[in-house]
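Presented sequentially are two complexes of subunit A, the first with subunit B as partner and the second with subunit C.
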Partner chain A sequence: MKKIVACYKWVADEADIRIDEKSRALNFDRVKYKISEYDRNAIEVGNSLKDKYSCEFVAVTCGAQVESSLKDVLSRGPTNVYYINDEILADADGGVTAKVLAGIIKKIGAVDLVICGEGSGDEYGQQVGPRLAALLGYASCTFVTKLDLTDEGLMAERKLEDGIEVVQVQGPAVVTVLPDINTPPIPTLKQILGAKKKPTTKLSLKDIGLSRDACAPKLKNIGVLGTVMERKGICMNIDGLSIQEAAEKLAKRLSADGILG
Partner chain B sequence: MSEDRFDVIIVGAGPAGSTAAYILAGAGKEVLLIERGDEPGAKNMTGGRLYGHSLEKIIPGFAQEAPLERRIVKETVSFLTSDTSVSFDLQSELLGSGGKESYSVLRAEFDCWLAKKAEKAGAILVTGIRVDDLFMEEGRVKGVIAGEDIMEAGVVILADGVNSLLAQKIGMKQELKPHQAAVGAKEIIELPGEVIEDRFNLHEGEGAARLFVGDCTKGRIGGGFLYTNKKSISLGLVFTLSDLQSWEKTVPEMVEDFKHHPAVSPLIKGGRTLEYSAHLVPEAGYSMIPKLYGDGVVVVGDAAGFVINIGYMVRGMDLAIASGEAAAKAIISAHDVYTTQALSRYRKLLEESFVIRDLKQYSKFPAFLNNKRIFNEYPQLIAELMTDFFSVDGSPVPPMMKRILKPVKKVGLMKVASDVWKGVRAL
Partner chain C sequence: MSGIWVISETPKIAWEMLAKARELAGNEVVTAFVVGDYETGMDAISFGADQVLLLEMPANIPWEECRDVILKAGETNKPSLIMVAATRRGKDLAAQLAALLDAPCVSECKSIIKDGENFLTERIVYGGLAVKKMVSNGCLVATIPPGTYHPEKIEGRSGDVKQLKPQGFKMVVRERRPKPATSVNISDANIVVGVGRGFGSKEEIQMAERLADILDGAIGCTRPVAEDLRWLPEECYIGLSGQVVRPALYLCAGVSGQVQHVYGIRDAKTIVAVEKNENAPIIRIADYYILGDLKEVLPALIGAFAKAK
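Presenting the complex of A and B:
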């Protein structure tokens, strides 16, 4: 029985991030977290392969506050989730994340296929998949829009700028998938209830033999500023103007501002 | 618990559903609480005010832990014409104490908190799932259907809100009629806490509630409301759906006009709109209460039409909480036999509580409010009267009685007298 792992990142829901109009700083006060959208595709690939070939299928994640993600991911198909929850991973870059994930996957052992989203929903660095392949000594296969298992490994279609490439991989591989590959279903009532009974496996950095020094990111984010749309806050029909008149007034105003050509 | 069966399934994690779940789980029942939104409260909307008495009974001292915004100590009712506002203002320490406490709340936070309380008591909360239908066998409710899943239960509590499709599907409730519901539309406008306290003359943590009658609904049956939150203001309108077809303006346009009214705009000046929402509000009071219980099923909260609207006061959440409590108690005392007969105790408990008593008390009020003079002529009358009292421009001053009667006569003395009489009787 083949063993499949899907990796996912627990990211801030971008819909909840607010931008301070003056400083343009990002405000995370009311932010909720979610499984990165691209990783949902990866999880669904693993889930459908599990159903098709009766593979063993588990999920893997790491981060600073990933415990709240466990029920969610388990409702999407995997039979277990292996994770490391450590504050030190709050600022992890792609390199650190790949090291930790590789450690967990080695700990699971004899994994045939690792599936990741092409990039994460928050930073989209596209680093983790290929780095993971290097660390595990697996083949790396990116931009995948179609995937099937073969006896020796896998067949994949890669969507490139100028066409579709079909590749065959021998032996274990790390595959990164594009959103086109599937439409992840919303978990059903029974899947959600079932998830509450599934096991989870908590590991520590020590368990995978990684020192805290090794978890210091080399890439550091020194600032993110949002884009702000400048609004003048002018209301055209405030004096009870008809829509017709207001539209004319607006057109005049826009052409005076040189916006209409 | 077997794989697919619970003692109780509750549809909707609003105040009514979560209260029932909290009490039932506490009594050792296997409870499944299903919410359609991604989080409890995500789909819910309120003007913004919770009268605390019914929850205090269930969770004593809840105000210490619940995410409440401000304790209301100030009530203002304003009559608006397009350019004038006449207000009655009550500020009293007695308003916010001795069991009469009420609070402004934001539902996204409050409903989450209450659902988490139910979860901690042992209920299983599942969010992001819509219940499509009830699972029936031999004419009785045996569970719920969500997508392809059937989940069985001894009894199902319908707490699925004002337009309860599930109650309609099994014939406990008629489809909503336009006169039975109003539309509520509201903006949450962000302002610093100190600015709110300065503008509304409040101490830290204290809040103000305001109601507006007249021009804000353009003379239609309904009114405007404003509640102060910690760092925002909830501002909106509620108006009847009965004459919706004849409206010239859309609901968002009406809200926008309301924000620009000279009596309102200084209150929200400099604020930024964080969210806009709209929702149906049950309006018909006692007369719209559906069949409240059946074989294997009870209906609570907005789904049961438990809202009291008496113009200067709109109550829903305290009734919802009390109805959730009554449903839970009836279910506990039914001892796993959820027949119509056993669940009739729910109605009995409601009759003994303030829920049915208050709904009956105000049962004539929806009809009384169905009088356009209240929203047109009277605000105009009061505005004219008061403006006249306070105007000095050197012209001769007529005798007081004449000054009062002049605007009253415009409406018709008998009509005014009859409306006042009806109003007092309805209350």
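Presenting the complex of A and C:
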């Protein structure tokens, strides 16, 4: 039976982040966390391969506050989730994240296929997947839109700038998938309730033999500034103006601004 | 640790990065890894490289499988900076090199400044919502989006060109299907009409097309309209991982204004939104907006613009 792992990141929902217009600082006060959208595609790929080939399928994550994600991920198909929750990972960059995930995957052992999203919803560095492949000594098969298992490995369609490339891999691989590979379903009530009965496996950095020094990011963050746009924000159909009138008012406005004709 | 490496699957992006590498390198050696013949190697030298290592890839092997032979070249001298073209293949290769060198990797790096022994870099985060500044010490890997720097040919340069033979591959290409050529080019359009998920069906997009015709503009859309619903070609999709447009007017309907899409329209001179939900994020970044059902508003706009012209 093949063993499949899907990795995911628990990220701040970028739609909830507010930017202070004056200081351009980011405000996270009202932010909710979610499983990164791209990783939901990865989880669904693992889930459908599990159903198709009766594979063993588990999820893996790491971070500073990932415990609130466990029920959510288990409602999406995996039979277990292996995770490391450690405050030191709050500042983790792609390099640190890949080291921790690789450690967990080695601990699980004999994993045939690792699936990741093409990038994360917050940083979108698009590097954890290929980094994992390099650290595990697996093939790196990125930007995949179609994936199927073979006896020896896998066949995949990769979408690149200049077209589609169909590749064959013999042996274990890390695959990163594009959002077009599937549409992850919203978990049903039954799946959500079922998730509560599934096991979770908590590991520590010590368990995977990673020192705290190795978890120091090599990129030091020296500031994040929100991008702001100066816009007019004028509503065309206020004061009971009909849509027809608003449309004409807009056309005049755009002509006056020198944009039309 | 010294010198700068420039790695690209296509010569053109290598030339662009060589211009920056030359500026950052001072007297240090700039090495270019490119695919091609001796002529290609000499070109790279005239654009700023001191030495060129030509990668001879078998036809059925993906280019990024050159990883190990590139690492081998760094065994005796690790470079201080590795610049890789931020194509999909390049990003894959860069991340693998970074992992094996235990180095940081700045993806889609927007700027690099040398500050003594350190590099200061910038990139976009949170789907286009913010710019992050970072500092790194030691070997740095950065992927550079095509078009970031201007290539500069310098007359009279000389240097070594050597051949590398990559081997030990994990992937084999079974088939390649080139992307069909399309005539869609929205990045140069002066007026872009944006289509979002607020459109109820593919047929309703005809209204946006009529509007674009009257305005002499092009049609653009959000990611789901192209990639999930497939109502419009992928070349029309505007956003962080799609097209970035800079029109005089971006007029959109049924677009909620998710940060990833907004990234692609940020530099539009004027933004007009047609939207029924006054709490949608697009309203906060519009110059002008009409609140209402696009099925009513678009025909009204078609009429009004026809009259105004």
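By our rule, the second predicted complex is superposed on the first by the 230 of 261 C-alpha atoms of A that agree within 3 Å, B and C clash if a C-alpha of one lies under 4 Å from a C-alpha of the other, contacts with A are read in each partner's own complex, and residues count from 1 in each chain.
As a working rule, a contact is a pair of C-beta atoms (placed from the backbone, for glycine too) under 8 Å apart; a residue touches a chain by one contact, two chains touch by 3 or more.
None of these values were measured; they are calculated from a predicted model.
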Original post:
So, does A:123 touch the first partner subunit B, the second partner subunit C, both, or neither?
Top reply: second
**OP:** Mind working out whether A:189 is in touch with subunit B, subunit C, both or neither, as first, second, both or neither?
**Re:** first
**OP:** For A:90, select first, second, both or neither according to whether it touches subunit B, subunit C, the two together, or no partner.
**Re:** neither
Subject >> Touched partner set for A:64, first subunit B, second subunit C, both or neither >> reply: neither
**OP:** Would you check which partner chain A:143 touches, where first means subunit B only, second means subunit C only, and both and neither mean what they say?
**Re:** second
Subject >> Per-residue touch tally on subunit A - higher for subunit B or for subunit C >> reply: C
**OP:** Applying the touch criterion given at the start, work out whether A:235 contacts subunit B, subunit C, both or neither, answering first, second, both or neither.
**Re:** both
Original post:
Which parts of subunit A are in contact with subunit B and also with subunit C?
Top reply: 235
**OP:** Using the touch definition up top, name the residues of subunit A that touch subunit C in the complex.
**Re:** 12, 14-15, 17, 19, 26, 93-95, 98, 121-135, 138-143, 155, 158-171, 173, 179-180, 183, 217-227, 229, 231-237, 243-244, 246-248, 250-255, 257, 259-261
Original post:
Which part of subunit A faces subunit B closely enough to touch in the complex?
Top reply: 21, 32, 186-190, 192-193, 196, 235, 238
**OP:** Please give the residue numbers of subunit B that touch subunit A in the complex, ascending.
**Re:** 4, 32, 34, 39, 124, 126, 128-129, 146-149, 151, 256, 260, 272
Subject >> Residues of subunit C defined as touching subunit A within the complex >> reply: 62, 64, 67, 87-89, 91-100, 102-107, 120-121, 125-138, 170-179, 191, 215, 223, 227-228, 240, 248-249, 258-259, 266, 269-272, 281, 283-292, 296-297, 300-301, 303-305, 307-309
